[in-house]
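Dropping the structures in below, format is structure tokens.
Presented sequentially are two complexes of chain A, the first with chain B as partner and the second with chain C.
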Partner chain A sequence: MDDIIICRCREVTRSEIIAAIRDGAVTVDGVKRRTHAGMGLCQGKTCGRLIERLIAQETGINPAEIRPQKSRMPVRPVRISSFGGENSDAEQ
Partner chain B sequence: MRNSDVVIIGGGIIGCSTAWQLAKKGKSVIILERNDVLSGAAGATDGVVGYHTKKPGQQMELAIQSIRMFDTLEEELGEPIEYGKCAGGMQPVEDKMQWDILSGIVEEQCRSGVDIRMISAEEARRIEPQLSENIYGALYSPTGGKINPLKLTLAYFHAAKRLGAEFIGRSEVTGFVIEDGVCKGVRTRDEEYRAGAVVNCCGAWAGKVAALAGLSLPIRPRKGQLAVTEPVGPFMKATIQCARYNVIKFRPETITDENILRYGSSLSIEQQEDGAMIIGGTREFADYEEENTFAAIDTMIKRAARFFPLLENVSVIRFFSGFRPYTPDGMPLLGPVSRLPGFYMAAGHEGDGIALSPVTGKLMAEYIADGKPTYNIDAFSPDRFLSEPSA
Partner chain C sequence: MEVYRTDIAVVGAGSAGLSAAYQAAGAGAKVLVIDENRLPGGQLFKQIHKFFGSRAHRAGTRGYMIGRELLENVTASGAEVWLDSLVYGMQKDLSLGVIRNGKHIVVKADAVIVAAGAKENYMAFPGSTLPGVMGAGAAQTMINVNRVLPGERVLMLGSGNVGLIVSYQLMQAGAEVVALVEGAPKIGGYGVHAGKIRRAGVPIYLSHTIKSVTGNGRVEKVEIVGVDARWQQIPGTEKTFEADTVCLAVGLNPMTELLWMSGCEFCFIPAFGGHVPLHDASMETTVKGLYVAGDVTGVEEASSAMEEGNLAGIGAARALGFLSEEEAKRKLAETAERLRTLRSGMFGEGRRKAKEQQLEAMEQYRAGTAESMI
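Let's look at the complex of A and B:
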């Protein structure tokens, strides 16, 4: 049971996430920075909720109080070439 | 009420390093952290450990002391911190003006005996073949290295705890216990912590925390925005900033474009062990507003593609931001505050806090445990920003 994978993109198991919470993580970002769960291609869309639930379960913190991940702009990966274009500050 | 030899406020990289060094000296330590160990700047930073981004003079000398410690740090801490000297540190230069400015700074930096040189565009491209052909030359520091800042912070944190330091998360310091002009401890919402020494390690928030003790210190948040790409194959080895990074840091008066000044837009870029590229480089005054802004991201991504054209085909998957603890003279505040015995500062490292974390912890612990550090840090005294107490 402890070895089920919670973050599929980065292959992080439930037991690794529990260990991070016991190490002091109280937010999804705290778990992410310790285990890399949530840093995969889907950026936590699949695993974020599960991690929140584990934090609530392990720490007794009210789930509503657990801070979700910090906001980040792209909804899906964006090509670097799609930035800027005109008036690029490059050539000056 | 709780008692300990030392209370550390702020469990970032500086607080954890200081706690570890104090615990090694046998002191009982309590670390009070508002959130969690990686919730400040150490959780949102690059990991450049090099000389070429250091201000010539005292800051450079301190960096030399600190960087020397990295050689044995992993072994002492007992956890991997991914310290690598890789291919050094580089700053590609765009034009003659940048070349001249950097050459001048390099000359001053080299007075401390560090190896930093100006090299030709061809040499730079030999070291980093993906660099654009369209550069004028580069600054190069062959000994520049990098570290994984998350792992380093956690390693200090774990080592301190193993030696008995107590870490209390979700505990914001809201006030100080001051008796007869002496700092005797701090208060959180539900507890009072008394100690012989209180150390303010609150990074970009250190000014606010000092204000709770009636001290006005000029530490302000200087925001940096970062973007992370999808993992790619081996792309670059060095840690790279564009030359404008040092120009903005040391000679801001030479920049006339207001947009560049507002965002402090220069490029910093490095590849992590997992293949992802971390692109960053803004230095903004935006209070504590952590949202990413399109304008800032746009300029730094464009600069990434300007220096590394092949990146055009790579995708960005995440943005975040962090707050560097800025001080007006670019140097941290380290040591006791004469006006308030019992109160110490270890904050204000701006963009150098990862690299300076080993020596900061060591010297602070010496100050507190032995009364005097083994290396003179009077130039960093917080007193330089405090005028004489009004009677």
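Let's look at the complex of A and C:
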């Protein structure tokens, strides 16, 4: 049961996330900092909810108090070249 | 850096966004709709089944036909639509960062309507990362939009309307549905959809869940297991199916990333998919000039998304002076009345209560802010 993959982008398992929570992570960002879950290509869009639920289960914190991870730009993968630079492929 | 100015920017060209654009542009506002997909219409063009509801909500009409009419209305209203264009972020002043044709454009609008929709919930179990395990909505896009069959033998988990409708459409597309599995002791969706599945002979397993999926590099076998009233697996009740595809129809959650960036206030409503933005009767959030509509405000269905879009479009047009107070009031009241009929009956009642809770939280927030200013 413990080797189920929760964050498929970074291949972080359930047991690694539970270890992070027992280490003191009480937010999705806290789990992210410790395990890198939610730092892959999809930026936690798949695993974020599962991590919220694991935190609630492990700590007893009310799910209403567990916010999603901090939202940052860009919300989707974006080419750096879109923002300019010498090798901008904006014309492609 | 290119800057594009408009009166109202709408994020998302689905049921809610298109309705909002049509209302606001119809009132005379300059409106820009931005969507990351290549085709407009959001989920509407995937909906090949007939809609329910009242005559006013086009009951009996297939979803994609409603989508076509909505698109025609938007085109006629003069709103501009940018497709294949990604809104990658939002600043506190509501300016939007957009990537279009590989180019960076900043869109500045006096009002922004976020109608970003929802995303599918994921479920983790042994083997859940094997190729062939996918969201039911993804499978529906494959068959109804891209005309690609995801597999030959499908096991569906979840018996809400998405699970039921997609199971039936997968069969229409040529796949065999080897089982419909539901964790709860009863079917979640409408009886009329469940009836079609039953008559087609699909075995339905209530109070069951997936124990594991196995296969050599792809889905080959699915083991399900019975669960008790506390969702605990009951050893000895396992059954195994040969399948090449597992569809997860285990709910959706609002796509709120842009809204969190804006700093607007949220409340927690599990029936709507989790944290949802506070908004008033005209769909304005706690951030002035920022409106929301559709599934991003709480997961419901296409007809209510369209009506919420109407409300947001009217609300934003009124705030910018394109509609008189009187005219806006009348239009908002008419739309609210149609929404009320959508949120009634056995299935709508829960959504009505959830929405009341959300509107109430907004009123309390505004009363609190007013108080702290005295």
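The rule is short, and it goes like this: the second predicted complex is superposed on the first by the 83 of 92 C-alpha atoms of A that agree within 3 Å, B and C clash if a C-alpha of one lies under 4 Å from a C-alpha of the other, contacts with A are read in each partner's own complex, and residues count from 1 in each chain.
The rule is simple: a residue touches a chain if its C-beta (ideal position, glycine included) is under 8 Å from a C-beta of that chain, and two chains touch if they have at least 3 such contacts.
Quick caveat, the model's predicted, so the values are computed rather than measured.
S.K.: After aligning the two structures on chain A, examine chain B and chain C and state clash or fit.
M.R.: Because the two structures are overlaid on the shared chain, the partners are seen to fit without clashing.
S.K.: Once the shared chain is lined up, is A:Phe83 touching chain B (first), chain C (second), both, or neither of them?
M.R.: So A:Phe83 meets both chain B and chain C here.
S.K.: State whether A:Pro74 touches chain B only (first), chain C only (second), both chains, or neither.
M.R.: both
S.K.: After lining up the shared chain so the two structures overlap, which partner does A:Ala64 touch, if you call chain B first and chain C second: first, second, both or neither?
M.R.: After superposing on A, A:Ala64 lies in contact with chain C but is clear of chain B.
S.K.: Which holds for A:Ala25: it touches chain B only (first), chain C only (second), both, or neither?
M.R.: Once the two structures are laid over each other on A, A:Ala25 reaches chain B alone.
S.K.: Between chain B and chain C, what minimal C-alpha to C-alpha distance in angstrom results from the superposition?
M.R.: Comparing every C-alpha of chain B with every C-alpha of chain C, the smallest gap is 5 Å.
S.K.: Considering each complex separately, which residues of chain A are in contact with chain B in the first and with chain C in the second?
M.R.: In chain A, positions 70-74, 78-79, 81, 83-84, 89-90, 92 sit in both the chain B and chain C interfaces.
S.K.: Of all residues in chain C, which touch chain A in the complex?
M.R.: 1, 36, 86-89, 97, 99, 101-104, 119, 121-126, 128-129, 253, 256-258, 260-261, 266, 268, 270, 274-275
S.K.: Give the list of chain A residues in touch with chain C in this complex.
M.R.: My answer: residues 1, 3-6, 8, 14, 45-47, 49-50, 52, 63-64, 67-68, 70-76, 78-79, 81-84, 89-92.
S.K.: Flag every residue of chain B that touches chain A in the complex, lowest number first.
M.R.: 35-39, 43, 150, 154, 157-158, 167, 169-170, 228-230, 257, 259-260, 265, 274, 290-292, 294, 297-299, 301-306, 311-320
S.K.: Please name which positions on chain A make contact with chain B in the complex.
M.R.: 23-27, 29-30, 33-34, 36, 39, 41, 43, 70-74, 77-81, 83-84, 88-90, 92
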